[in-house]
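Two complexes are shown next, each including chain A; its partner changes from chain B in the first to chain C in the second.
Here is the complex of A and B:
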C-alpha cells in the first residue's frame, strides 16, 4: 500500500523545522557578522571568535565546565554500574525501591534539588564551588546513567559470568573480562549523555557555584544579562561544534561496539 | 581414588522451601561417560552446578579424585562445564573464547596458541578461529563451548543439556561426536539431560533422579530392563504394568506371581522380595509377541513409525496393552490376535519406594 503524502502534515513539519533551526542559523550568521548591533549584515569577520577565545571569563568557564562534566560523569558511571549490578541480584522489593529512587531524581524539578542542596550545604557549612556543583550534577546524572546501564545489565546473560568463573576467573577477573565488556556500549552511551547534560547545565550550577569560577553556561547567562554581544554568538557556535563533534565520535565508537549498543541507545536495529 | 572420580555424599540443596536435592549419595567412576537423567525440576542440573561450584550445597560433601572440594570456589575447581546456552563470550573470537581459561591460568602465550589450535582441530573448527560466536551455527557454537572447557584438561567435564537447543538430526550427529571425543580424551564426562534416549545412546552408566532423590544408578540396559521403581520404569520408556502378589520366590531373582484375573505368572525381579508382597509387574511393549499361544486380544489402534508399528491391544485378561512389533507385521484395527511374552521379559517392581534403598542403588549386583 502506498501512503499518500498529506500537504498539511508536510506544512506543519516544515514550520517546525524552520522554527527549530532558524535561531541556530541566525546565531551562525551573526557570529561572523561585523555589525555590532546585529541588525544587518555588515560583512564577514572572525573578530568575535577571537574575542571570545581570549576572554578570561569564557576560558575559565570552559575549564570549570569541563572539570565538572568529567568529574560528575565519572562518578555517575561508577554509581550507575555498581548500582545496576547490585540491582540485578536484589530482591523484588529492593529493586522497586531502587527504581523509584532513580525515577524520582529524574522527575523532580532540578531546581528543587538545587535549592535543597544549597540549603543543606549552607547548614553543614560545606563550601560552595566546584565540588558542590559536581555533587549536584551527580544527583540527576547518575539517575540517567543508571537507567541506561540497567537496560544493558538486563540483557547480560548470567551464564556468561558463570562460564568465566568456571574457566578459572575470580570475581574481579569475571568483571574485568566479561561483565565490563558486556556493559561497555551502555557505559559509553550513558557517559556521553551524562557529559552533555552536565556540560550545559545552568540551574544546579548557578545555585551551587558560590563565589568560585562560574562554569560556561553560567558565564554566558551573566554576559547576556546586560547586553547581547556578537561574542555570545561565537561562543554558542563553538559550544555547538564541540558538542556535535563529541557526540559524533562517541556515536561512532558505540556503533562500532556492536548491535547491543544500538539497543542501549534505543536506536533501530540495522546491519553491522 | 582415581583423579576423575566424583563422589557426592549426603548432598542437599534447598532453595527457600523447595528441596532441590535431597541427601544425594553418588559415586561417578573415573574416565567414563555418566549421565544424570530425570524430568525438569528433578535436581539434576542443580547437582551438576554444585559440582561446578556455581551453587553451594546446604549439606554434604563433594569430592573429586578423593579431594574434598565442597568449599572451593568455582574458579579453583578441577572441573569445567559446557553450558546449556553455550555461554560463549560474544565479544571474543572463537580462538579467544577457547583461550579464556588458559589466560586465567597465566599460561605462556606460545603454549596457549598450541593448545587452542589442538583443541579446535579436535572439535573440527579449524579456520573459524577469528569468527565471533554470533557468526557460527548452533552446532559450531556447541563445539566451541566443548573446546573451551576441554582445553583446560579438567579432571571432570560437566555437560548441562548441551544439545538441548539443536534440531534432531544435528543432535544425533553431535551425540556421536561427543562420545568419540570422550573416548579420545578419557576425561570423566558427567552429562545432564531429560532425554533418556540421548543418555542411553552415549553413556556407560546413567543415574535417574526424581524430586531431588536418586532413583536408580546402573548401565542403560539395567535401568531399562530392570527398573528399580515405577518412576524409572515409566521415565525411561513405555511399559505395560500389572498389579500382582508374589506367590513364591524361586531363588536367583525368579518368582511366581499371582495376578487377579490372569492367574499365575512367572517373572524376574530383584532378589529378596518376600512372599506375599504386593508388586507391579512390567513388560516392555517390544517384548510382546503376536501369534502363537497367548492371551486373546483385539487390535484397537495402530501407528506406523517406519521400522516399527506401535499397537494398542484390547485384552480381556490384561486390559489395554501396548505392543511394539516390526514394521512388516500385519496388523490392522479390529484384527483378532493373540499376545504373549517370554518370562524373562517380565520384571518385578516392588512398589513405588524401592526397598532396601542400597539395593536400588546397585541393581547390577
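Here is the complex of A and C:
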C-alpha cells in the first residue's frame, strides 16, 4: 500500500542506489579479474593485490598519507576544541565572525586554498613537503571538526562545570573531569571525519607535497593518468575496506561513548 | 581579580584557531589577490608587483573564457541533476518506517565514505565505450551505437552528480523528515489532489533543504579539479584545471591567481543568489 503510493520515487531511488554502488562493485570485481584489459571476466586472481602490496610507490604513499592524516587530525582537534570552548562564551558578534570563518573554509573550492598556501610557501621559501601538506589540511579540516564539536559543546550543561569549580576543582581539572568526557563523542566523530578527509585528499596534497614522497591519493592520480592498470582496483579495494572498517568501529565507539558519557554525568538516557 | 584572569585565559582559547587562520588562510588569500595584479616575465620568471589589470584582461581570451562559462554551466547542470535524482530519493526515504530509513541512508552514505579518487576512477570503467552502462542502454534499446561520453563535458557532469549526490539528499531528507504529515492529510481531506498537495504543501516545506543542497553541491563543484582531470581525459576543461596548470606547469603565478580570484567572485555571486533564494524559501 505504502510502496504503491510512492512507486515513482521508489523506482528512482532503486535506480539511484544501484547506480551509486555500481562503480564500487566494478572495482571489487576487477580487483580479482585476470583480464588485464578489464573488458571481460577471465577468472579469479590475487595477482593485483600482490602487485599493489609490493609496489614501493604505494607503500611509501600509504605511510605518507597515514602520517599526514594523523598529524592534521590531531592539530585540527586541538584547534576545534579550544575554538569551540571559546565560542561558547564569546559575544554574539565574535561568534558570528568565528562562524563566518568556519563556513568560508568549507565553501571555498580547495584549489583556492592550495594555490594560496603554495604562493605563501614559495614567497617565504618554506620548503614544500609533509609539513606543508599537514598545514594545508588543517586549514579546512579544522573547520569540519569545529562544526561537529560546536554541536556537542552546545549540548553541555555549563552548570555541571560551574558546580565542579564551586566544589574546588581548578580550571584544568574541570576540563579533564567534566568538559572533556562530555565532549568525547564529538571529538571521536570529528577525529574520524577529519582523518578520512585528510586520508582522501588529492588537491592540497598535490600542490604542497613538492618533490617529497607523494601521499597515496596523489600516487593513484598519477597512476590513472599514465595508464589504466588493474592494480588500481586492488589498491582501491584495500583503501575502501580500511575506511569503511574505521567508520564502522568509530560509529560504534561514538554510540557507546555517548551512552557512557551520559551515565558518567548522570544525565538521562536518550537519543543523540 | 580571579575572574579577570579567567576571562583572559578564556580569550587565549581562541588564539590557536585565529593564529592558524590568519597565517595560513587569510594572509595567503590576500597574497593571491596581490599576485593577481602583478606581472611575470615568462623568460626570467621574475615577478614585478604592481596594479595591472592585464591578467584579468587575459581571462577574456576565448580559450579561458570558455573554460569559465563551461565551469559555470557544468556546475549548474550537475546541481540540477543532483536535485532531480536526489529529491525523489530523499522523499522516498522520508516516507519509509524509521528502521528502513536508517538502512536506506546508510546505503546512500557508505559509497560516499569510500575513496573519492577510486570512485571517480571506477566511473571511467562504468561509462567507457563497451562498459556496463553502454551494455545496459543497448539492452533497453535506448541507444544503438557507442556511448561516447567518457572524456567529454557530459562525462564530467555525470561524475559530479555521482560524487555530490549524497550532499543533496541529506539536507532535503532532513527538511522532509521534519514535515508534520498532518498538514498533508489536512490538504487531502480538504479536497486537494495528491499533485496539488505536493506542490502547495510538501514542496514549499522542503525548500530550505533544497536550497542548502544546491549550495553545498553547486559551489564546490565550480572549482572541481579531480573529476574533470580524470573524466575529462586531462584536457583543461574546468577552472580548477586551468589554475593548477598555470601554477604547476606553466609557472604563470599572476595569471593563475587572477583566475582564482575570478573563481571566488563567481562563487560569491552564486552565494548571494542562493541567500536571496533562502530568504524566499523560509517557510512563513
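Keep this in mind: the second predicted complex is superposed on the first by the 253 of 272 C-alpha atoms of A that agree within 3 Å, B and C clash if a C-alpha of one lies under 4 Å from a C-alpha of the other, contacts with A are read in each partner's own complex, and residues count from 1 in each chain.
Keep this in mind: contacts are C-beta pairs under 8 Å (C-beta built on N, C-alpha and C of every residue); 3 or more make two chains touch, one makes a residue touch a chain.
All figures in this text were calculated on a predicted structure; none of them were measured in a lab.
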Query raised in the report: Superposed on chain A, are chain B and chain C clashing or fitting side by side?
Result: fit
Query raised in the report: Regarding the shared-chain residue A:252, is it in contact with chain B (first), chain C (second), both, or neither?
Result: neither
Requested in this report: Name the chain, either chain B or chain C, that contacts more residues of chain A.
Outcome: C
Requested in this report: Could you look at A:20 and tell me whether it touches chain B, chain C, both or neither (first, second, both, neither)?
Outcome: second
Query raised in the report: Touch check for A:154: first (chain B), second (chain C), both, or neither?
Result: neither
Report task. Could you tell me the angle at the CA centre of chain A between the CA centres of chain B and chain C, given to the nearest 10 degrees? Result -> 100
Query raised in the report: Between chain B (first) and chain C (second), which does A:243 come into contact with in this model arrangement: first, second, both, or neither?
Result: second
Requested in this report: For the combined overlay, can you note the least CA distance between chain B and chain C, rounded to whole Å?
Outcome: 6
Query raised in the report: Which chain A residues contact chain B in one complex and chain C in the other?
Result: none
Query raised in the report: So in the complex, which bits of chain C are touching chain A?
Result: 6, 9-11, 13-17, 20-21, 24-25, 27-29, 31-32, 35, 85-86, 88-89, 91-93, 95-96, 104, 107-108, 110-111, 113-119, 121-126, 130, 132, 162, 165, 215, 219-220, 222-226, 229-230, 234, 239-240, 243-244, 247-248, 253, 256-257, 260, 263-264, 267, 271
Query - Interfacial residue positions of chain B with respect to chain A in the complex - result: 52-54, 73-76, 79-81, 83-85, 87-91, 100-101, 104-105, 148-149, 152
Query raised in the report: Tell me, which parts of chain A touch chain B in their complex?
Result: 157, 159-160, 162-170, 173, 177-178, 181-182, 258
Report summary line: So, in the complex, the side of chain A touching chain C is made of residues 2, 6, 8-10, 12-13, 16-17, 19-24, 26-27, 30, 38-39, 78-80, 82-83, 85-87, 89-90, 94, 98, 101, 105, 107-113, 115-120, 123, 135-136, 138-139, 142, 146, 171, 196, 200, 202-203, 206-207, 217, 220-221, 224-225, 228, 232, 235-236, 239-240, 243-244, 247
